[in-house]
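Across the two complexes that follow, chain A remains constant while its partner is chain B and subsequently chain C.
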Partner chain A sequence: MSEKKSWEDLELAIELPPATSLGYKTGGWRIVRPVWNAAECIHCMICVAYCPDMAIPAEKSEEGTVGKGGRVFKGAVRRETNFDYCKGCGICAHECPTKCLSMIREEEAEQAACKVPGEV
Partner chain B sequence: MATLQEIALKTAGVEARIVSGHRMCAGCGIGTIIKTVFAASDRPVIVLNATGCLEVTTAVYPYTAWNTPWMHLTFENAAAVAAGVESAYKALKRRGRMSEEVNILAVGGDGGTYDIGFQALSGALERRHKFMYLVYDNEGYMNTGNQRSGATPFGASTTTVPAGTVSIGKPQWRKNLVEIAAAHRIPYVGQSVAHNTLDIYKKAQKGFNADGPAVLAVLQPCTTNWSYEAALTMKYSRLAVETNFWPVYEVENGFVHINVKPADRKPIEEFLKGQTRFKHLFRPGNEHVIVEMQKLIDEEWARLVKLEESGVQL
Partner chain C sequence: MGVKKAITGAQAAAEAMRQINPDVVVAYPITPQTPIVEHFATYVANGIVDTEMVPVESEHSAMSAAVGAEAAGARAMSATSSQGLALMWEIVAATPGLRLPIVMPLVNRTISAPLNIHGDHSDVMGVTTLGWIQIFSENAQEVYENLLLAIRVAEDERIQLPAMVNQDGFITSHAIEPVEIYDDDKVRAFVGTRSMERGLLNVAHPRTIGAMALPDYLLEVKRAQEEAMSRVFEVYHSVAKELSAITGHEHPLFEAYRLDDAEAAVVVLNSAAGTAKVAVDAMRDRGMRVGLLKPILFRPFPYAEIRDALKNVSAIGVLDRSMDFGAYAPVYSELRNSLFELDKRPKLQSYVFGLGGRDILRGDIEVVFDELLSGSLDPERQRYIGLRG
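== the complex of A and B ==
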């Protein structure tokens, strides 16, 4: 039998630095993506509070940001979805009270992004 | 009382205690629940996580989604380790080696709480360790592919009680964890739902600030094994409350208080529709199951209302 050790001599279990999963981009799971129409947004924060992937950034804005009806929304405002992590579940679009979010297929988004401006 | 704006800012900020990159299914409500609970704590939080969906999806080596001290535990002992951590924390404070105030949070799914971890939970509540136990209840062992648990509702088809020509799915009603926890005479027990962010926040705050153990049970619709479209998680969560299937209430120092009383109770079919686990109930010959289910729900609700109105201390 090996020598008896006190608990203070025992090795630690696996230790990890915090929040390393930020290096794992779950955006590749997406089939549909939320398209945000900022001009219709009332910055109610429902999507931010619901997003299970913490993929919708929000920040406190003193100068505010222009939303629905040209109104300037101050305080908590949402920003464009972080597509590195958005899995495309669609909860945001389904719960949005102004329907300023809509889900489109990834291919469509890619085609739109590849289009040269001015080309028909 | 915090507004949704304040909660959203706390959960989206860089100081969030759980971050993106976890591997929960698209549309899973656990992420929403856990980040709201974290937002309710102004102190550092130590997390003791029983095996379950939350654990396997947030800690795939070498990745971790936790930005706070976190420990993975077996199904059985999350509450026991929380008790140990709380005792160690008290000892360190007594010896002057630690002065910071912290909150201790044990988290488990319904399998790790209603069934496997139940003994440890009951023990920790009885010894009155100051910690909060959070259970995200998706009504079955969903991580391993929908096996029946003590939280699975009556009539649900699972892989271990499949519906068929003879079976109607699970023949028993689920157990009432909130009342079981309240029977330990602990200061705070709450029941909430995934879509009600303000309610989860308020209850988590009460739980963290309680003078003793607290239990918070949150219904978390499971897109994979209840089998509905990922975008509908909050819809099913809402329907569970509107049909009285999952009452939102709390037991504070033994006194029952119902937080949400649906003005117009919807028939239970509204909730059952669209979920694969209840699909068989809509086949001819199974109408009696829905009738019985509705009766059970109405009886449970009437009992709960009576408990609240009587003002009797549980």
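== the complex of A and C ==
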């Protein structure tokens, strides 16, 4: 909604198109973020089901993806958290049976992102 | 032709609901509304209507469920009184903003405290600013007809606002009167079914309703809501014309009773208007030129039309069955507002009567007329009918 509408142009009861919350990115609320260690993930989908913001994408993969113990997981696999919507509630990390998700403070994540590759 | 039945105002409301055949009725019992939903529940139990009846644990839930059903696209109704209306207030306030045309019979009862189960208008006068269409009924016949009228006005695509149809607790709701119930087929053809156009279950047109509106949009939303309210008059008139074809009489915004050459008039809502008519007739028989104006459509308030109807009356007594503490009583306030635009304004007097269900008798109204005709009025100070001390 870039151009603001006049009252005459409003739909009844400010009716809006569906799925407008997609345009409202709540990731900015985050104080801590989940860090996903894909090498420990068993793609059990528990985090996907528990995420209250549907911020963990899952997809069907025929070729599979490498997870815990070097095993290739096929079928439903999770992908990296969508940080546009993840509010950092930590439910995924709490529920994860293999503890492949850990919560770190946002500023630590930002500092980590600023580091020159290879620097300790 | 319809059939004449000896029924109460509550049953008359239930009869209207039977013919309206709502998809969903959600209610919680409260005196004196309870018989409406009791009678309607027997229609549901006997398979006379197709309604999904939802018993809930409170009025707050009742109106919440009605809002949910109406948003989904159903025709939803509830019914309440007094404390019940107070408990559902939060959702009552949200309904017009969501533009959901829920129609609800309201059986007027005193709002606590002190606790009192009898009829006055302190319940409805607490919600007249919320954006519901408000219609008042003198007797059981009017309750029945006003409900039929209300459903068409509320659901009209130009309006899409909720409506309450008021009747006096016990005096109307529990007293048996002859009521003509019109032919089911004719009434059902008049009432029709609610359009699914705006229903959330209309999956061909998904939409979001009830979105937040921040300071950049709320004013525009409310201005649009006011526009819908202002269109109620024209829709009311056209729906009333259609309804007249069934009822055989007019359905005006207000009733002007022997007002044409009146020197003095009283203005009063609901059942007391019936008493006032008897007083008017008695005084007319004694040669006094008096009349009555009974508002029917109270929200939106027909300021211009009422001003025009009263412009030649010299003295007007406005009888309020509720108070607005520290301010002019609600109906009196509207009348003052309405008449302010006249160059030659009538003399006015505010009267408070009938609180907590106290009777008002023909003689009380004749005393009002005597005062109006004597000219000893004080428009700044309200008088109390039947007050001891």
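Before moving on, here are some points about what is shown:
In this text, the second predicted complex is superposed on the first by the 105 of 120 C-alpha atoms of A that agree within 3 Å, B and C clash if a C-alpha of one lies under 4 Å from a C-alpha of the other, contacts with A are read in each partner's own complex, and residues count from 1 in each chain.
One rule holds for everything that comes next: a residue touches a chain if its C-beta (ideal position, glycine included) is under 8 Å from a C-beta of that chain, and two chains touch if they have at least 3 such contacts.
Small disclaimer: the values here were computed from a predicted structure and weren't measured.
Using the contact criterion defined above for the overlaid structures, shared-chain residue A:I91 touches chain B, although it does not reach chain C. After overlaying the two complexes on the shared chain, residue contacts for A:L10 are found with chain C alone; chain B is out of touch. In the superposition on chain A, A:M45 makes contact with chain B only, while chain C stays out of contact range.
By the touch criterion defined above, A:T20 reaches both chain B and chain C.
In the superposition on chain A, contact of A:D53 is made with chain B only, not with chain C.
Among chain B and chain C, the chain that touches a larger number of residues in chain A is B. On chain A, the surface patch touched by chain B in one complex and by chain C in the other comprises residues 14, 16-20.
Residues of chain C touching chain A in their complex: 97-100, 160, 198, 206-211, 213, 216-217, 219-221, 223-224, 227.
Contacts from chain A toward chain C in the complex involve residues 4-8, 10, 12-20. Note for the complex: chain B touches chain A at residues 4-9, 11-12, 16, 18-24, 26-32, 35-36, 58-68, 195, 197, 223, 229-235.
Contact residues on chain A toward chain B in their complex (touch as defined above): 14, 16-26, 29-30, 44-46, 48-60, 75-76, 82, 84-85, 87-91, 93-95, 103.
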